[in-house]
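Paired with chain B in one complex and with chain C in the other, chain A is shared by the two complexes that follow.
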Partner chain A sequence: MTGARSRKPAGKPVADPQSLSEAVAAARPRLSRLRLPGGTPVEAVCAAFLLLLVLLALFVDFIPGLASPNFPYGDFSQPPDLTLNGILGTDAIGRSILSRVLYGARTSISIVFFATLISLGFGLLFGMVAGFYRGSVERAVDLYANTMASLPPILVILALVASTGSSVFTITVALGILDIGTYARVAKGGVISQSNRDYILAARAMGASDARLLLKEILPNLVPALTAIVPTLMAGLIITEGSLSFLGYGIPAPAPSWGGMIASSTDLLSRYPLLIFGPVLAIVITVYALNTVGDYFARRLSSRERQG
Partner chain B sequence: MSQNKMPAAGPLKADPVLEVRGLSVTFTRSGKEFRAVDNVFFSVEAGETLGLVGESGSGKTTIGRALLRLLTSAGTSIDGQVLYRGRDLSALSRAEMRKLRGRLQMIFQDPVSSFNPRRKVEDIVAEGLDIQGFPKAERAERIEAALAAVGFNRALVAGRRPHQFSGGQCQRIAIARALAVEPDLIVCDEPVASLDVSVQAHIINLLQDIRADRKLGLIFISHDLAVVKNVSDKVAVLYMGKIVEVGTGAQIYDRPAHPYTRTLLEAVPVVDASRKLVPERERSLKPSRMRPPSGCAFRTRCPRASDKCAEREPLLSPAPGGQLVACHHPHDEPAPGLKAAAA
Partner chain C sequence: MSAGALPYLKAISTRLLAGIPVFILVTFAATALSSLAPGSAAQLILGENASSQQIAELNAAYGYDLPVWERYFKWLGGVVQGDFGRTLFSQQSVAKLLVDRAAVTFEIAFLAMFVSFIIAVPLALYTASHPGKLLDTVLRSIASVLLSVPTFVTVVLLAYIFAIVLRWLPATGWENFSDDPLANLWYVTLPVLCLAPHQTAYLYRVARGEFLATLQEDFVTVARAKGMPLSYILLRHVLRPSLPQVLTVLGLSMTYLLGGSFIVESYFAVPGIGWTILSAVNSHDFPVVQAILSLTVAIFVVIFILVDLGYTLIDPRVDVS
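Take a look at the complex of A and B:
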């Protein structure tokens, strides 16, 4: 209370508690929580790139003058020129590579987004229950997470997709299953470390139900740790999805996808080497940006923990 | 005015807020049994403070948590009865217990870790009201009153988070949170151990005032005899999960009968070195809790131990000072200098 009082503006005498509290409120910095501190310029550029990519993927239909990704718009295998559609060249049947990269971004982003929703949802559910109740639930979740972690992800995906047939839906679900174990482990560890704190005991002493403890007390405290791993795992999904398309088990043919484009341009790599750059750059930059943003969150998390 | 309203001293007082009969807590970890609390009896009246003292590992905190049924059920068995106004808490269903939780509250040693780091102070104080389902209109009033009781103005804490307050201020917020649900009993688990000495006095006085104003029962858990002496009407000394001596503050501090109580009092630091009590002799290390000694648990460290102590466990029986003591060879002389040392 003394601390709060000393913060009021010195020259302004306050008589009643009402104006005192107003003075205190005025002296308090309000927007300090909204700043994103401690980011490097590279991290800012990466975050901006990801934002731009999402916007492009959402609104690619409205880009004026952009050719259709599915029909030829000019000569085949043209090197890059300075027109909008030709800036990354044209592919083996004359489609605009830029257009295909952008529409491919839509496919990749939506697959990665929904796969992450699946793995985050189930991972949190299993992980939190395992961390809270321990016992046999925990052993089952550990077994699942360890098994998934010990299998090569591409094999798991191939097995799943090969057995169900490849479509956007099955690929999304298969990629979603891949990371459930990882999210479950992070959630479990977080719940275990939070459960030992007195605030959980205090909430229990107030009569909080298990559901309330998990959702209202513990879950908000898991958000920082999850924010740090989500971008990194998303980057892994982009690579896996690309590899899957490259191997021919990805998004079925006419639809544009980054991995599929790389696969088809490898056939002509010796004659038209420039044409592989578009999809490769798209994957490399996106994955790099996701990892950088993930590192940024991880660093902020650890510095916040050091502050207490 | 308050003089004649004070309840009569003595064991025969009607209607305690909380009564504990034969409470035992046993933890089982990887096949080994560990008896943290062993057949403990006590009661707390409205407006009364019971001090629970003992060294670390004596079961103080376990008792506090067992009272409020806060121990995790896996590997833990709790025997005996905990009666809140005559109702056995262990016989209640989970839902009934949840409703009752507002009546029994707890204050923790480290206030900061007892707050959800993502909450604002008002939300922390409001939490119990939210959980207990108080109507919105009543909540504001109660938050206001609870904060006022600990010397805060709601407008002053509005929008702030616990880390913006000092340790003592946080402990006051913790007290406000407990008060908001208007409990009958608060278990204070080492509430001042993490605070500066000057702030300790403030928090203790605050707790005492609140207890008197609201006719609260307090259970005050501490390893610090000086602190317990200042707050408690009754003091129970715990050793290895058992109550070894119980009586009024004056009885325990003026004429400690159990050798362990004396040991604790000797350990209280004294500023004046000439008044320091010299231990009767060097004592051995504390025995393992996994394999407690036969008979009296304290005998391996006790300067007065005899063969009888190894054969038979002493039971609580009246001591010369008027308190109850579990010892075959209790001290019956007053302890000169102890009073000064503990003060």
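Take a look at the complex of A and C:
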């Protein structure tokens, strides 16, 4: 446990000033000390970034002095300056890019969050039933997962959104549909590998119902494998949602979205190249952070499996 | 040899049969979705001012107003005979249109795959045999950053660098290879460059992991103990047993490449299937969307058959069935 090592024992009075400054330096939080259990500093920074992003997205309305994302606040296409609203520049009609990036984060995160709830919920339901009862449910789950794996996500979502019209609701549902098969397959595999264990046999012998076995005994043991894939699949959803907005099928204007902002700044790229950095950095860093946290979970999971 | 070919034929036909439910699910779902779309097909073709009589006549001629099931079976009957219908507006043959467009997309996708293979596999071989060294750490970090850059960002940034700042490559346009090979190379470079980074990073990651695992095997330790040169061990002992996994990744990444081609083709105005489906979705040209979905599913069934057969060619221990 690296986390325990960073907390120095507080006792021991310090005598001379030199060792005092040493002690202060040792007590100061340093980047190299910031770690998740068994993780690297980069992974901890990524987790902290994601936490910050969620907080910003939740409370963006309360940031003092932040301009509205949908109304011009200054001259158009201004390069970045040192004011709060102008730090990433202004877009083609004078809106603050920082404000639009932050409000875009709110849109992206809420869409991806609810899409994940949909796919995790249905995936768990179908996957657990498929793993427990096998038979035709299992074949249906496999068929669904194979089908989704054989189609590019953007193609599926374009077909769905083109026929239902694009709104926050349809995009969320369409994104949710994408990963149901993946979650179902992981849940199914988990249930199958747990079903033969002794504790299930014991619970059965005590007369536990199927529902109790699935929900109280097996479900808690599926959590590690499922959490390990959530960040990576969320990163995929962020990219798909961004691509959809980039192609012009995303959330209708004027609501800000990272993909849409990148698409609209490409028109002005030859004259105002700096203005694309805000949304580009936002999406790249978010995806990177999600992927890194996902790798961390996956590594923890595999070391856990090796031990147990 | 004929006795040897039989298990292959059997394996191929089993996998083709397994692809049929996927094909039916996708195409039927697409038919069902098309009836959700606002406005009827006949209305779209004839425009706002069409009389109800004109609409009825068109519906009678093409069957656009039939229930979902009947439309689907009609379409499926055509497909069995190799007829994918006609495009809504220009009434061209969809099959003929797609053959031309698919050739463009495949050229880009396979070149991107080739480029990424050429770059990723040698680098992965080297770094896997020198783990923890500077180059290994640096490449691993670069790969995880590249994996986080969505294709549409790569497209915008590379187009800016190569087409706007340096002016080395054209930002839009296309020339078929059969018409002018040199011009084709000139136009294909930027789209390929845009698809390659993500693909290379992905392949590098998987290949490095596979090579690392193979390097732990006993036969590698024996070869090393015999004092064989590292390069010989890598090429003769490590590369081949690791390839099946790499091959699977290449197969799986066709989904990514095809999805990426949507972005790349729409941005550079390249007339491939990605560009085609986007304009078809825009104009609600349903027969084209349906045909592209069918084509995509068919591609994946074929690719996975090829990947499975590739396994047995690379590693004779793998059983075809």
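Throughout what follows, the second predicted complex is superposed on the first by the 272 of 308 C-alpha atoms of A that agree within 3 Å, B and C clash if a C-alpha of one lies under 4 Å from a C-alpha of the other, contacts with A are read in each partner's own complex, and residues count from 1 in each chain.
Convention: a residue touches a chain if its C-beta (ideal position, glycine included) is under 8 Å from a C-beta of that chain, and two chains touch if they have at least 3 such contacts.
From a predicted model like this one, the values you see are computed outputs, not experimental measurements.
After overlaying the two complexes on the shared chain, residue contacts for A:L158 are found with chain C alone; chain B is out of touch. By the touch criterion stated above, A:S150 is placed in contact with chain C alone, chain B being left untouched. Using the contact criterion defined above for the overlaid structures, shared-chain residue A:F71 touches neither chain B nor chain C, since it reaches no partner. Within the superposed three-chain model, A:A202 lies in touch with chain B and out of touch with chain C [touch as defined at top]. When the two complexes are superposed, the chain touching more residues of chain A, out of chain B and chain C, is C. Of the two partner chains placed by the overlay, only chain C lies in contact with A:I262; chain B stays clear of it.
Across the complex, chain A meets chain C through its residues 143-144, 146-147, 149-155, 158-160, 162-165, 235, 239, 242-243, 246-247, 249, 259, 262-263, 266, 269-270, 273, 276, 280, 283-285, 287-288, 291-292, 295. Looking at the complex, you find that chain A touches chain B at residues 1, 3-4, 17-18, 20-21, 24-25, 28, 134-135, 197-199, 201-209, 212, 217, 220-221, 308. Chain C contributes residues 21-22, 25-26, 30, 33-34, 36-38, 144-145, 147-153, 156-157, 159-160, 164, 252, 255-256, 258-259, 262-263, 266, 277-278, 281, 284, 289, 292-293, 296-297, 300-301 to its touches with chain A in the complex.
Considering their complex, residues 65, 68, 70, 74, 97-102, 104-106, 108-110, 112-118, 127-128, 131-132, 151-153, 155-160, 163-166, 169, 174, 177, 181 of chain B touch chain A.
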